[in-house]
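When the chains are written out, they are named A, B, C and D in that same order, and each has its own residue count from 1.
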Amino acid sequence: MNPADSSLIEMSVAGFLILSIFSFLYKDNPFYRLAEHIFAGLTAGYYVGLIYQTVIVQQLTIPIYREGKLELIFPALLGILMFTRFFDRFSYLSRISLAFVMGNTAGIFLIQQLHGLVLPQTQATIINPLAGSWLLGAVPGGMIIIAGVITTLIYFYFSKEHKGVLGKTARVGMVFIMISFGAHFGYTVMARLSLLIGQVKFVAFDWLPRLIGVN
Amino acid sequence: MHDLLSKRLPMMLAFFAGMVIIVAFFSGHPTLTNFRSNMQVWVSIIGGFTLLLGVVSITSVNYRRVRKLEKDWPYKLILLISLVVSGGFGIFQGTEAGTVYDWLFQNMSAPMMSSMFAMLAFFIASAAYRAFRARTVEATILLVVAMIVMLGRVPIGQVIYHRLPEITEWIMNYPNLAVQRGIIIGAALGAASMSIRIILGIERTYMGR
Amino acid sequence: MKKLLRFFTPLFLHPAMLCASAGGASWFRTDRINSLILLIIFAAAVLIYIRLAKTGRPLFIRKLSGLDAMDDAVGRATEMGKPVLFIPGIQEVSEIQTIAGLSILGRVASYTAEYEAGLLVTVQYPVVMAAAQEIVKDAYVNAGKRELYNDSMVQYVAGSQFALAAAVNGIMTRIRPAANIFMGAFYAESLLLAETGNLTGAIQISGTANPEQLPFFIAACDFTLMGEELYAASAYLSGEPKLLGSLKGQDLLKIIIIILILAAIVYLMIDWKALFILKILETS
Amino acid sequence: MNRYRIAEILTGIDRRIIYLSILLATIIPFLVGFPQPIYVSKESRDLYNWVENIRDGSTILLTFDYYPSTLAEVEPMSRAAIKHCWRKDMKLICMTTVPLGGPSITERVMNDMATNWAVEELGAKKIYGVDYINLGYKPDYKAVLMGMGTSFRDIYPTDFRSVPLDSFPITKNVDKYSDVNFLYIISDNGIVDEWVTIANRQFGIPLGAGVTAVMAPKFYSYLQSQQMVGLLGGMRGAAEYEKLIGSEGMATLFMGPQSLVHLMIIFFILLGNTAYFLGGRKV
């Protein structure tokens, strides 16, 4: 939202809905439920408008009429076939389109994972363990990376009981994993708080002052 | 016939589509990559219709509730009205900036969606107090690192101890990186094996069987 | 029709032309041969293990500590006379994590049937509800405790993510389950569920493959199955060949990768000019 | 009063008191101001330098891959990125892979920057179709990313306003990844993985990303493997970028409250654990 551009009415609509959502913090109440249902309705409506314009108009009507790409009628039919799942008797027909999409997705996915992740990530781990950052003393960064990757992989290795050397390695992996999850935790907290700050700023410093005429 | 349409044809299509991608990738010949590109247009169009499935089911569920005047029906009615208004303007007036559709989104949907997630900040605060306990060695390491990172990534951390940002950066770039990489490789293998099963028709859970 | 033919021609042409010009640069990208080799090795590993699992060959998978904890939790619930609460995530049944969660539910249900402890399952989608009822019923029938089962053990809590969390929190504070088990796809509500569960003093066991939620579960629950462990647990419990086989195939690849990394590093340390090793893995 | 009693009192604090203290912690720094020295991390600087070294007037693919739920975190990144690119007179091809809100957010941010910021800072409006374009959304992001490798026009026959791409100067000679110089991803979800593994790995286009803090830890792995040239993590990353381009905006302003609420959360974790240990490690 860019408050400078919005009228007071627009801001008030937004502000009222924001407060209605936040009222859930006190407890479940009619305002929250109202906002929740408006939201669900608008979301579904958003999809309707979006799909109509971007798919029906832009991907089907325009190419078919202007460029004569008649073959595009087939994906449209396959798309409509998806709706057979609402009719028990014919629902099996939706599998045809679904399988086509899933096959395509699986093909892309497979290449993505092996070519785009496994190979380059493995390659990037082959580094000189003695080079790299000596920051924080003692152990160079390269060694940390190699040890961390390998022990994590071992932790998620399920074909052997975690005993003996394997168990010790997995234990080290566990420590590494917890460090990383700690970082994740800190980052997630940071993210949620940022969003709150954004909303609070809008309500308390953009909308309310204008509503009561201070600004 | 039923067996052909419900089982064999879908499996053949999944195999065909998956193989097109794989073969085009390893070949790189323009004929194949163009064919692959055309196929993506098809998939994208089908994908559009799939998004509408959810809309159809939400409409029918709520319509039934309103018609039977079930508990809370006024809310469901409001839901349906919001849907029709937003969708109707989107179809007849368009979706670009300046339309009613856009107005509804910018001033109603967007602030509400932002608030849903902003609410989590309060929940995190309350959980921080009640649930995040150093009950095991693992949880202790996690919490200590989390606190270092939380301080290291805001300006005040730098004021408290000037090397905190560097320490945080080190944690992110070495131990964190290593673990994320291990997880990425493991998850990639899992996803790849799933993809192989789908292409070969071993995995058919997505078809609802 | 002509257009349609043009669309499909490459398919029919392709195998013949590939053979005709095998080795020609235009029909095969030699720079991607490393990916092809990886793909072949991996596909072979997965398929062979699935075949082995189908023939009934026992494939070993280590037992995960979270699973033992689940047995203890049910035992404790029996002693306390309080039920066990189970949530198979908040996703549809098409999500793999939900499927994994449901197969773990089968195990939990057979324990609660055996020990005659109470069981309560809350779900967000009708299809998941039907599946969960089926699974729980099966478990009770197999344990010879058909009379203890009823459909209301699985409750359908509709609505949005936060509405579900609010409803489940209500259930938790009212009936105070002895154990809460969260297995499946969880999102932002993980925090709310785990916090309330913690407050009611339940033993909490969780598992999800959504990495951003894992830290919250780890901090607030007694045991957590992290990422792949969730899938491993479901393969272990369901014993389905395709899951077991895939897991073993993935494990084999992990070992190959570890060995490759270590060997390459050692070789590079001996001879720093041997950078061709990195070239072999170069992707384009 | 024994320690169990203290623990009991501490655990009995109502959650609404906690909510209120968090609310105050977000408001107060806005009123009183807060120290904010910003330390610029290497990953942000790398991204900045990479963009800085691209030839002026190049074409950049800029994505708006985020939902309205994370606007506060990522919109400052989009704005900072646009400022940086337009100062170098770059052409921006904008798109989104997010159905719910993506195209509308793109419209709003781009139009606002083109008409308001560009006039103030650069002295002239940026023109739609010449300096920037909004391609909008198309379903099935995997298919979209893959298809765009061969032809943008196959996937996007028109822009978001249903006008054919050929009628715009900006897209006249641009039809695949290799026609653009850089891929600037601003995202709040896992789509970054797809950009990395499809656009970068299979089609060789260099890429940098601004992501929410929730996603950021994962992507450090792509930095070291050089699958990504730089990374902005969350509001903090946005603030760093604002500092680098010398234009302090929303993100920098928000660093004050961010500092104070972090302190609050840490305080609560410590207090909760004190109660836990005083109470004999029982809940």
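By our rule, a contact is a pair of C-beta atoms (placed from the backbone, for glycine too) under 8 Å apart; a residue touches a chain by one contact, two chains touch by 3 or more.
Just so you know, these numbers come straight off a predicted model, no measurement behind them.
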{"item": "Pair of chains ranked first by number of touching C-beta pairs", "value": "A-B"}
{"item": "Most widely separated chain from chain C, with each centre as the mean of CA atoms", "value": "D"}
{"item": "Between chain A and chain B, centroid-to-centroid distance (C-alpha), Å", "value": "4"}
{"item": "Centre-of-Cα separation between chain D and chain B, whole angstrom", "value": "17"}
{"item": "Geometric centre distance via CA averages, chain C-chain A, whole Å", "value": "19"}
{"item": "Distance between chain centroids, defined by C-alpha means - chain A, chain D (Å)", "value": "13"}
{"item": "Of all residues in chain A, the ones touching two or more other chains", "value": "1, 24-25, 40, 43, 46-47, 50-51, 53-55, 59, 74, 101, 104-105, 108-111, 113-118, 120-125, 145-146, 149-150, 153, 156, 177-178, 180-185, 187-190, 193, 195-196, 198-200"}
{"item": "Shared-contact residues (touching 2 or more other chains) in chain D", "value": "19, 22-23, 69-72, 99-101, 103, 108, 138-140, 143, 146, 160, 201-202, 213-214, 217-218, 221, 224-225, 233-234, 236, 258, 261-262, 265"}
{"item": "Shared-contact residues (touching 2 or more other chains) in chain B", "value": "16, 20-22, 25, 34, 38-41, 43-48, 50-51, 94-95, 105-106, 109-111, 113-114, 116-122, 124, 126, 128, 130-133, 135, 138, 142-143, 146-147, 150, 153-154, 172-173, 176-177, 180-181, 183-186, 189, 192, 194, 196, 206, 208"}
{"item": "Arrangement of touching chains [line / ring / star / complete / other]", "value": "complete"}
{"item": "Touching residues on chain C, where the partner in the complex is chain A", "value": "3-4, 7, 32, 34-35, 38-39, 42, 60-62, 159-160, 162-163, 166, 211-212, 214-216, 218-219, 226-229, 232, 247-248, 251-255, 257-258, 260-262, 264-265, 268-269, 272, 277-278, 281-283"}
{"item": "Chain B contact footprint on chain A (complex, rising order)", "value": "1, 6, 10, 13-15, 17-18, 21-22, 24-25, 33-35, 37-56, 59-60, 72, 74-76, 78-80, 82-83, 85-86, 91-93, 95-111, 113-115, 117-118, 121-122, 124-125, 133, 135-136, 141, 144-153, 155-156, 173-187, 189-190, 192-193, 195-196, 198-200, 202"}
{"item": "Chain D contact footprint on chain C (complex, rising order)", "value": "198-199, 201, 211-212, 283-284"}
{"item": "Chain B-facing residues of chain C, complex", "value": "7, 10-11, 13-14, 18, 26-29, 32, 35-36, 39, 42-43, 46-47, 50, 94, 96, 99, 162, 188, 191-192, 194-195, 198-199, 209, 211, 215-216, 218-220, 222, 227-228, 231, 242, 246, 249-250, 253-254, 257"}
{"item": "Complex contacts: residues of chain B adjacent to chain A", "value": "2, 5-7, 9-11, 13-22, 25, 39-60, 72, 75-76, 78-91, 94-95, 101, 103-122, 124, 128, 138, 141-150, 153-154, 166-167, 170-186, 188-189, 191-192, 194-196, 198-199, 206-208"}
